[in-house]
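Here come two complexes built around chain A, the first alongside chain B, the second alongside chain C.
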Partner chain A sequence: MNEQPRVLYWTMLSLIGLVIAVYILFPVFWLFLASFKTQAELAQLPINFWPQTPTLDAYAALFSDTHQKGQLLDWPRLIGNSFFIAVTSTIIVLIFGTFAGYAFARLQFPGRDLILGGLLISRMFQGAALLLPTYRLMSMIGLQDSLIGLVLLYSAFGLPFATWIIASSLREIPRELEESAMMDGASRLQSMVLVVLPLATPALITAAMWHFVGAWSEFAFASILLESNENKTVTIGLASFVELFTLEFQYVGAAATIVALPIMLVFFFGQRYFTRGLLAGAVKG
Partner chain B sequence: MGSVALKDIRKSYGAVEVLHGIDLDIADGEFTVLVGPSGCGKSTLLRSIAGLETISGGDIILDDTKINTLQPKERDIAMVFQNYALYPHMTVAKNMGFSLRLSKVDKDEIDRKVRAAAEILDLTPLLDRYPRQLSGGQRQRVAMGRAIVRDPKVFLFDEPLSNLDAKLRVQMRSEIKELHQRLKTTTIYVTHDQIEAMTMADKIVVMRGGHVEQIGSPLELYENPASVFVAGFIGSPSMNFVRASAGADGIEYADGHWLGRPAAAIAPGRAVIAGFRPEDMRLADTGLPARVALVEPTGAETQLVLRTGQDSLVMTTRERVTQKPGDLVHVVVSEGKLHCFDADTERSLAPGAAPA
Partner chain C sequence: MRHDRLLAYAMILPVVAAVLAFVVGPTYNVATLSLTKVVMGMERGFGTFDNFRALTADPVFWLVMKNTAIWILGGTVLCVTVGLAVGTFLALDSRLTGWLRALILLPWVIPDVVTAMAWKWMLHGQVGIIGQTLQDTGLTDRPISFLGDPQLVMWTLVVVLIWRKMPLVALILCAAIRSVPDDQLEAARMDGANAWERFRFVTIPNIAFSLTAVTVISMIWITAEFALPWIMTGGGPANASQIMATYIYQQSFEFFNWGVASAMSVINLLMLVSIVALYLYINRRSWASEGSQ
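So, the complex of A and B:
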């Protein structure tokens, strides 16, 4: 009887969703298509939506020495730097976040809730306000223009949130499981590694994804801290196109596609954990 | 071997003391049930024995060794938790073999022991399943299997049947009892269900408010309850209690009707609480007059709810009952079945009963 309104409802909802998706994805898709066009085609009017003669020239240019026009940055190097920073800081955040999260979830110590709350507050200060102080601090300790410096900085920025996600997910794991493991002869560390962490995998993956994506796409701090060309990251590389190629848009498209690829892969493979991890604690049962 | 002695166990959370000096001796192989209403400290006591709670005072002695400060893993005690606490990411076999893996037992040996335990508990076909694929009763058995593969000195059970439905509970009750008869491992079992306590225990420890109220075999507690609390807690339906006083020739109900003779002489005029079990009452031509309020046949027995004076009494009888609600009847308490308690301390006035 009320079948018809329901169908209508879901159709409307799907349509709205589709419109929003197209609206958001269209520029991305257009950029993606542009990476396969030639420069002549890009300059042509009226604009072609689909590439007439698809070509990988732009990608080849980014990855080859011979096609470098002097000003083009060393893209394999940029990608390597970004990977190094993102992967290393993700590992650091995961290790420290896991132990800290476990401590917040399971141990009693003075000021625990205050510190846990403080972790969240620290996230509110992120951004432009910290740029200059951070720059001065990093210069003072000699870590400006250093990949290690950026790894440490991103880890420091990422830890509070990762700790928080992991702590709230560990709280959901019944204490009896650990008590049972301890009765079975496990030390605290063993019960954590063998029983608790396998069950917290969604939260660990979420924290790792969240941090990896953030570190991979961070721009502001990288741009003020990294000076030499061999230390730069992909986001700085992308930004450099703004000055370099006002007309050669195919390079921008190709570089943007390459930069977006790891993020898309991360979400594609991790999304089922991602929602579970973020919702941990939101719903009982 | 696995004899347990508790000496003056105390446990405080901050300023609040929840165990007020518990003394208890459990012989090797004995099945001991700690029973009491929620909040009486029975689970805390069990967890203290397990080592999951630190005690604030007293000694826990296992086979002549003080284990107060030992880690749970060093105590050689296994525990079955109320919600089973099976590791969700491990198969039944892995769950059961977990403790052996931790103690680096040889793989073939683990496999052999797990299979042997699975055989006892009828779990062999389920060894490769995960806990989520099991029914409540099966999970319960896996939790027990995890305890028995270790062959510990003591088994602890923390309300293991409370998550099961009534029918399964009865079945698991006999399985646990059978398991105990087969393995003869010292067992300490916590429950709030007096029927579980009565049916399973060699020795029952009734606890209330962090104290031990009475220790004894099920029938000792049933026949010689040391206090109104124990008398009311053990047995179903519960014992009837009425305000009464000692007369020249026995105990008299408030309206002067004779109830019965106490086990030991009580000074005439003293106020007491008289208790008698529903099954120790019968209908007679003379005796305490009461009006029938409800007649509840359960098949083999019939339960009658009677009203007399201010009191409501429950009696059970195996005879066919012809009375109807509203009828006037007379009831008497069977000879020697009247329990008397001090009106103030609520302790038993029977000879040999422990003083308050």
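So, the complex of A and C:
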């Protein structure tokens, strides 16, 4: 290639790349900027790109107990609830997903492939059609408006994928390692925990991140099940601003930043594991 | 061996039980509820199609079906088309596209409640930056109410849906394009094929399987999406953006019409079953190979 087409190619590439990057980043960044603006500035035309007088008032308001602007929810509490649900269900999913993943990868039993296939397909039905029966089920067993109820529900929703991703990774670990441990007198469980699992750590991290992000972000089931203010989660808190919609987007921006922050941290620090999980998850729905 | 078999069933028991309790059970429950006469939350007699009759008699029903078709079919077609264009670009070798491949998943991981709020803010009728930019550049002379105009609202939602769902489609197609054998592209080049012909006659046939699979998976993802339309419009204005998911939610938890809601849930499930069946049919080779491992 001579010089001129190469420069042209490079310019076009950068230009298209820039357009895509702006398209991807702008919506979230714009809301983030709104969180530092004042109410007057948000209502003003023409629009200022950068905050004229950057302020943290919106964040302070969310964390203060003088509930402003009809804002009734207690954000430290919402954050605590969301962390509790996401962390607890992640632990449950890892423990039971590991056992099941091991069985699917290593043991022979009738119906193995059929059951694994059925579990994966069940993920595709976790949508709006289950809202009403889930509400009825939870009311019946007394776990409606309970954080424990959501932990159980999210664990059930998350287990098939965690099981599958752990099973696929265990299949790639040579059986000989385990067999020699068992020859040396280790039981199957000992060899699984001490020999195999350490090698499957990347898959466990992928499964944990994937589940944490899903549980932290979930909105539909949380919104139908949680009724009392002290049980609500961050996504419900953020959605509740819809009801008081005037131009108070500084609060929306601050709340959205709080909701997105843990996810962004997981995404940027666990990029490698995350992409792996997403691509694997995509292939199997 | 017998011991192994028992151990295996014990190990998978919690997962299977959880899915039976929270997915299979509720699916069965909503199916029976849809065939039960429900009065004021009390069940009065099984074995009737009253709920389905009531549902189809609701004038909103056909509007919901039309909107759902725009949402799922329009969304899928645009998602795959835009995803293919972006994926082709991302497949180019360069440090810039490498960074973009990492960055592009951001819309996919951001909670959809945040996405809904971010776009609601940008699309705001008076002070939204999109409407303002259109006015500043002279493309329109008055404010556009993207979410308040019944003619525009459904397609506006689809545009936001593309932002959220397209990146993963692009990434999957990018991976497929990057695995197209170089020697085939080189041979086509030798035969004098230009860039478009190489794309059309070498790349596309090579990624045909990924393309079909990702199309069907997109339909499943889009069918499952609820928070985005619900928070952005709540189905409004005047049901102009009411889709199956939002209709089910509204009938169940705002109007307490459990009969109608369960009938719509069953229609939604039947639709999902047919998409999943299509998916399994397309994917039959890959499932078979999984079984033989």
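Note that the second predicted complex is superposed on the first by the 248 of 285 C-alpha atoms of A that agree within 3 Å, B and C clash if a C-alpha of one lies under 4 Å from a C-alpha of the other, contacts with A are read in each partner's own complex, and residues count from 1 in each chain.
Everything below uses one rule, namely that contacts are C-beta pairs under 8 Å (C-beta built on N, C-alpha and C of every residue); 3 or more make two chains touch, one makes a residue touch a chain.
If you're wondering where the values come from, they're calculated on a predicted model, not measured in any experiment.
Chemist: Which of the two partners, first being chain B and second being chain C, lies in contact with A:177: first, second, both, or neither?
Modeler: In the superposition, A:177 touches chain B alone.
Chemist: Pick one for A:91: touches chain B only (first), chain C only (second), both, or neither.
Modeler: Once the two structures are laid over each other on A, A:91 reaches no partner at all.
Chemist: Determine, under the contact definition given at the top, whether A:13 touches first (chain B), second (chain C), both, or neither.
Modeler: second
Chemist: Going by the contact rule set out at the top, does A:199 touch chain B (first), chain C (second), both, or neither?
Modeler: first
Chemist: Please indicate which partner A:190 is in contact with in the superposed arrangement: first for chain B, second for chain C, both, or neither.
Modeler: first
Chemist: Now for A:143: first (chain B), second (chain C), both, or neither, which partner does it touch?
Modeler: neither
Chemist: Specify the partner with more touching residues on chain A, choosing between chain B and chain C.
Modeler: If we count touched residues of chain A for both partners, the winner is C.
Chemist: Going by the contact rule set out at the top, does A:33 touch chain B (first), chain C (second), both, or neither?
Modeler: neither
Chemist: Go through chain A and flag every residue that touches chain B in one model and chain C in the other.
Modeler: Common interface on chain A, chain B vs chain C: nothing in common.
Chemist: Where on chain A does chain B make contact in their complex?
Modeler: 174, 176-177, 179-187, 190, 194-195, 198-199
Chemist: Inside the complex, what are the residues of chain B that reach chain A?
Modeler: Interface residues on chain B, with respect to chain A: 50-52, 71-73, 77-79, 81-83, 85, 87-89, 98-99, 102-103, 146, 150.
Chemist: Chain A touches which residues of chain C in the complex?
Modeler: 1, 4-5, 7-9, 11-12, 14-16, 18-19, 21-27, 29-30, 33, 86, 89, 92, 94, 96-97, 100, 102-119, 121-122, 127, 129, 132, 136, 163, 167-168, 171-172, 175, 213-214, 217, 220, 223-224, 226-227, 230-231, 234, 244-246, 248-249, 252-253, 258, 261-262, 265-266, 268-269, 272, 275-276, 279-280, 286-287, 290-291, 293
Chemist: Under the stated contact criterion, what part of chain A meets chain C in this complex?
Modeler: So the residues of chain A in touch with chain C come to 13-14, 16-17, 20-21, 23-25, 27-28, 30-31, 34, 42-47, 96-97, 99-100, 102-104, 107-110, 112-113, 115, 117-119, 121-122, 124-137, 152-153, 155-157, 159-160, 163, 171, 188, 213, 216-217, 219-220, 224, 235, 238-239, 241-242, 247, 249, 252-253, 256, 259-260, 263-264, 266-267, 271, 274-275, 278-279, 282-283, 285.
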